[in-house]
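Below you'll find the structures, each written out as structure tokens.
Note that subunit A is present in both complexes that follow, paired respectively with subunit B and with subunit C.
== the complex of A and B ==
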């Protein structure tokens, strides 16, 4: 208890309050700009915060991390462009909701469940950090491979009812995932002579092209003179009503659970958690067919999940001394320079620091929530701009954001290639979700399977209880769901399919 | 405030922000080309590139050195990241810049390795201005490993060739080369398991998924200190201060000396005065307490070589990797 009082007492400094506010403002801003990720913002800020004392420095870094997760929802919901990879799954239902004039409710609910997710993660950090440390370390290559296989079963769900086209897009995503240097031998594969492709297809450029550019060009292509497309300035209500609030409970719980587990697993972050949670919420829903067409539950699950990963990632980082995601990798570097070596010993030598960090994250969450609720009306008015001006703003942001990732013009060109691809996919009814999933999970599946085979040969899979469990879950996921939906389909044959996105 | 005012303000703020970002991008480029290099060097902003992403060790090195160089040279030094493809993207970019001293970069050990791995990178394209640090290699095993000494591990590898797994930071990385160097020196066959970066490779060893890890001292020393790993050997000539009591591989009879390092480089063809000015500024910067603290907090060593020594060193390393990476 002494450590708790000391840890929280250290936060009573007004200077730390100022650092928090600066971090939250910065984080909300970078989150809302597609391409500028939390990792990048934290990395750039780290160069500056190293000159501060550890606690104010960590206040800036952590609040950027937290607030970016609130900011990135806004472009996902309003312009179908994920602000950071963590909100890819938010676009699945958030953007359809906005098109139905329900952006207000989507944004408010998203902010609320994000706060709940974030606070859940913090509780895990405070109470379960040490027991979970052992669990995180058991995730070797084979366990990660099995987790990724489980993630790949989500492709069916993310296809939004168009199974064949969805799987086609997913396979294409997996194929794109083999571009770059072979992860084990280092040989070139499909790089077409571009050194820029040696580390694989630049992911941010791909998602911004597939979602943002494709959406804008689609609107321009389909706009007809004289017919002004319905602007999304019709926000509808702000606060969810009683029935809607009740409908949020289950997906948020699923989201928090998924996010907490995925967060603890090293190297798996908010993007994967969001997609997994979205699909779990869909599977367990009474009305899975509404997902992908503007279901509020489809916003609640991924948003609570990606926020719940933060506490989990911090847990792994502090308790195991292993970065829980890419932002944590940067923060770990700073902590080492400050002489705060994360690892099991940290809980013995600096227990108050753990409480301080949990306190900082809680404050950052509450501040980010307040900011998100306050600024929403203002942000949305941007969309009242005539569509042709809005398109210019969105394209500018997409290009600046993509360039900023690696200061690379090649990435911007590639973003346009993916934009064109996304436009064609949209016109021919191929969903972009499975492609992105393939692109995220393909390289992880390949490299981890091959590492596992190098280490243990073919026995690797059968010697891992966690791996076996995940494979069993994957098998269940691909067999049970089709059975259930075919039964459902028989019951409601007269239902007319609605086009998605 | 009426909604339309808010709308205009928001739009204006967005416009200002994007213009600011765009200008920021231009500022670092403009001007440098037109300034004739000469005795008045430097009189304009110097860009210090790193071929790595923001936040990594090389980036922090660049940012700390940049601040020191700024004091010394009296002009702004802006750090710019050009990551991608094992650093080759940034290295090629530097080679294409004007050799006027306004574009310099912190280049890691890969500059001497990439040419043997199908990348279009050649050390001859650069003028080296000084070496700024070194990170010795180490080999470590999980805390509960049966191997107590390097000898134990080598004996096990001799008894069952190819079964002892060693994680590394990636295919073609310096630590992958470290596994090769150890295998050659001890005449054994190790199973290298490349991961995606040094941190996951060390994690795999801490979690017991692999039998050992070859990684930089900055990554293994903290885990050694709190008992999660046991470092069996340091790949240096002298024992490392950050790992007291851990013998070198050479002391244990295996001639392995390998590590990562960083040099500051400019595009080849720098005028002599410019080269001398930068060389002496770098020599001063590496003695700054802030820089020494940064490097030593990671368990690394501030190792300075002047321009001539650094050029010679890169040539030697390059020749060595030609052999090592060919095998």
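== the complex of A and C ==
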């Protein structure tokens, strides 16, 4: 109890409040700009915060981390371009909602469920950090491989009605994940002589091209002279009604659960959690056919999940000393410089710090939520911009944002290559979702399987209860849903009376 | 450029949303009613040759992958998997997928999700591509601010806007925003 009081009492300093506000403003801004990730913003800020005391410094870094998760939903919903990889799954239903004139309700619901997800993650940090960290430590290469296999089963879900083409796109994504150095031997593979590809296909350039540039060019190629495009003028309601609020409960719970679990697993972040949660919410929905067409539940699940990962990532970082995601890797470095050594001993030597961090994240979440709700009407005006101006804004920000990631013109060129690839995929009926999933999960699948086989040989899978459970869940995932759909279709056909000719 | 609100079904607009017929809520999408082209075009399925061409391209990717993986080191004598095995598996997978796509194309004729490509649209895309190449080249030699101003103004003009407001004020605002965020705030060496 003393540690709790001391930890929260340390936050009473107004200076901490100023740091939080600065961090939230910065995080919201960088999250909303495609190409600028929370990792990049935290890394840049770390250069300045090292001159501060640990708590104010951590206040800035954590609030950037939290607020970026709220800001990145905005471009995903309004222009189909994820602000950061964590909001990839938000585009699945958020953008269709905006096109249906429901951008207001999508943004409001997204902010609310993001806050719930973030607070859930914080509760996990406070109450379950040590046991969960112990669970995360049981994840060796084979368990991670099985987790990735489970993730790959989602290709069927995100393929929609075009499973064969979706699987083809997924395989192509897995193939793109091969590009770069071999994870075990370091041999160069499929780099085509470009040094820039030695560390793999730049992920940010790929997703900005596949979503943002492909969307703009797709609309461009079917333009007709003399026809003046109409901007979206129906923004719809801002607050969900009672029925919509009820519909948010289940996907948000699924998102929180998925995000909490994925968050504690090292190297798995909000991007994976968002896609997993979207697919799980679709599978368990009474109306899965609405997903991908503008379902509010399809926004709630991924947004709550990616925010819930934050608490899980911080849990792993503090309790194990292993960064839960890339932002935490940067933060871990700062903590070490400040003389704070994350690990199991931290909960014994500095328990007040754990409560201080949980308090900081809670305050940052509430501030980010307030800012997100206040700025809605200003942000939504982006939609009222004449579409030809909006296209120029998207193209310019995508290019500069992609350049900013590694200060590389090559990345910008690659973004255009992916943009044209995305355009061709849409025109030929290939969903881009499975490609992104393959690109995220491919390197994890290959490296972990090969490591597991090197360490434990061919029996690796059968000796892991967690791995076997995950493989069983994967098999269920690919068989149950199609069977359910098939039975549902048969029942509805049986109910439909045969027309009399 | 005329980036109207796409009349494509919303599901296909998102990342992985299922491409579907433009019915239900999409009927109310602003732009659908205004344009009204897709409904007429959507009833005309593509020819089977289109999907066979796609299958051939996917098969080509598979063959290239298999050929490329032959040049990679193989696994060791201890039975460990080498750098070549994963690309080989994926190459074979792509060949299987190509077969599936061809079969699906023969059994079901695909229906267009989007409005058809127009000559005007292709010209605008060509203009955009030329501008991007010029912009990328000029950026190497000149400062970000003037080059981006010219790029934004030229792109706005290519997309059909005219007047001082569109070609001077709008580019100035965009350049100011991008330079402020990236150059000053994030200290990106633009």
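Assume the second predicted complex is superposed on the first by the 484 of 501 C-alpha atoms of A that agree within 3 Å, B and C clash if a C-alpha of one lies under 4 Å from a C-alpha of the other, contacts with A are read in each partner's own complex, and residues count from 1 in each chain.
Keep this in mind: a residue touches a chain if its C-beta (ideal position, glycine included) is under 8 Å from a C-beta of that chain, and two chains touch if they have at least 3 such contacts.
Just so you know, these numbers come straight off a predicted model, no measurement behind them.
With both structures placed on the common chain, the touch criterion links A:73 to neither subunit B nor subunit C. Of the two partner chains placed by the overlay, only subunit C lies in contact with A:96; subunit B stays clear of it. Using the contact criterion defined above for the overlaid structures, shared-chain residue A:171 touches subunit C, although it does not reach subunit B.
Of the two partner chains placed by superposition, A:283 touches none, neither subunit B nor subunit C.
In the superposed model, A:395 makes contact with subunit C only, not with subunit B. By the touch criterion stated above, A:189 is placed in contact with subunit C alone, subunit B being left untouched. Which of subunit B and subunit C touches more residues of subunit A: that partner is C.
In the superposition on chain A, contact of A:426 is made with subunit C only, not with subunit B. Judged by the touch definition given at the top, the superposed model places A:139 against subunit B, while subunit C stays out of reach. Of the two partner chains placed by the overlay, only subunit B lies in contact with A:43; subunit C stays clear of it. Subunit A residues in contact with subunit B (one complex) as well as with subunit C (other complex) are 29, 40, 44, 182, 184-185, 393, 396-397, 400, 403-404, 407, 454. Within the complex formed with subunit B, the residues of subunit A that make contact are 29, 39-40, 42-44, 46-47, 50, 137-141, 181-186, 188, 195-199, 202, 266-267, 320-323, 329-330, 332-333, 336-337, 339, 341, 343-345, 377-379, 381-382, 384-385, 393, 396-397, 400, 403-404, 406-408, 447, 451, 454-455. Contact residues on subunit C toward subunit A in their complex (touch as defined above): 1-6, 8-20, 24-26, 28-31, 34-35, 50, 54, 58, 61, 65, 68, 72-73, 79-83, 86-87, 90-91, 93-94, 97-98, 100-101, 103-104, 110, 113-118, 120-122, 124-125, 128, 132, 135-136, 139-140, 148, 151-152, 155-156, 159-161, 166, 170, 174, 178, 181-182, 185-190.
Looking at the complex, you find that subunit B touches subunit A at residues 3-4, 6-7, 9-11, 14, 17-18, 21-22, 25, 53-57, 59-60, 63, 79-86, 88-89, 92, 117-120, 165, 170-172, 191, 193-196, 199-200, 202-204, 206-210, 222-223, 225-226, 228, 294, 297-298.
Across the complex, subunit C is touched by residues 26, 29-30, 33, 36, 40-41, 44, 80, 88-89, 91-97, 99-101, 157-162, 164-168, 171-172, 174-175, 178, 182, 184-185, 187, 189-190, 211, 215-225, 227-234, 275, 291-294, 386-393, 395-397, 399-401, 403-404, 407, 409, 412-413, 416, 426-429, 431-434, 436-437, 446, 449-450, 453-454, 457-458 of subunit A.
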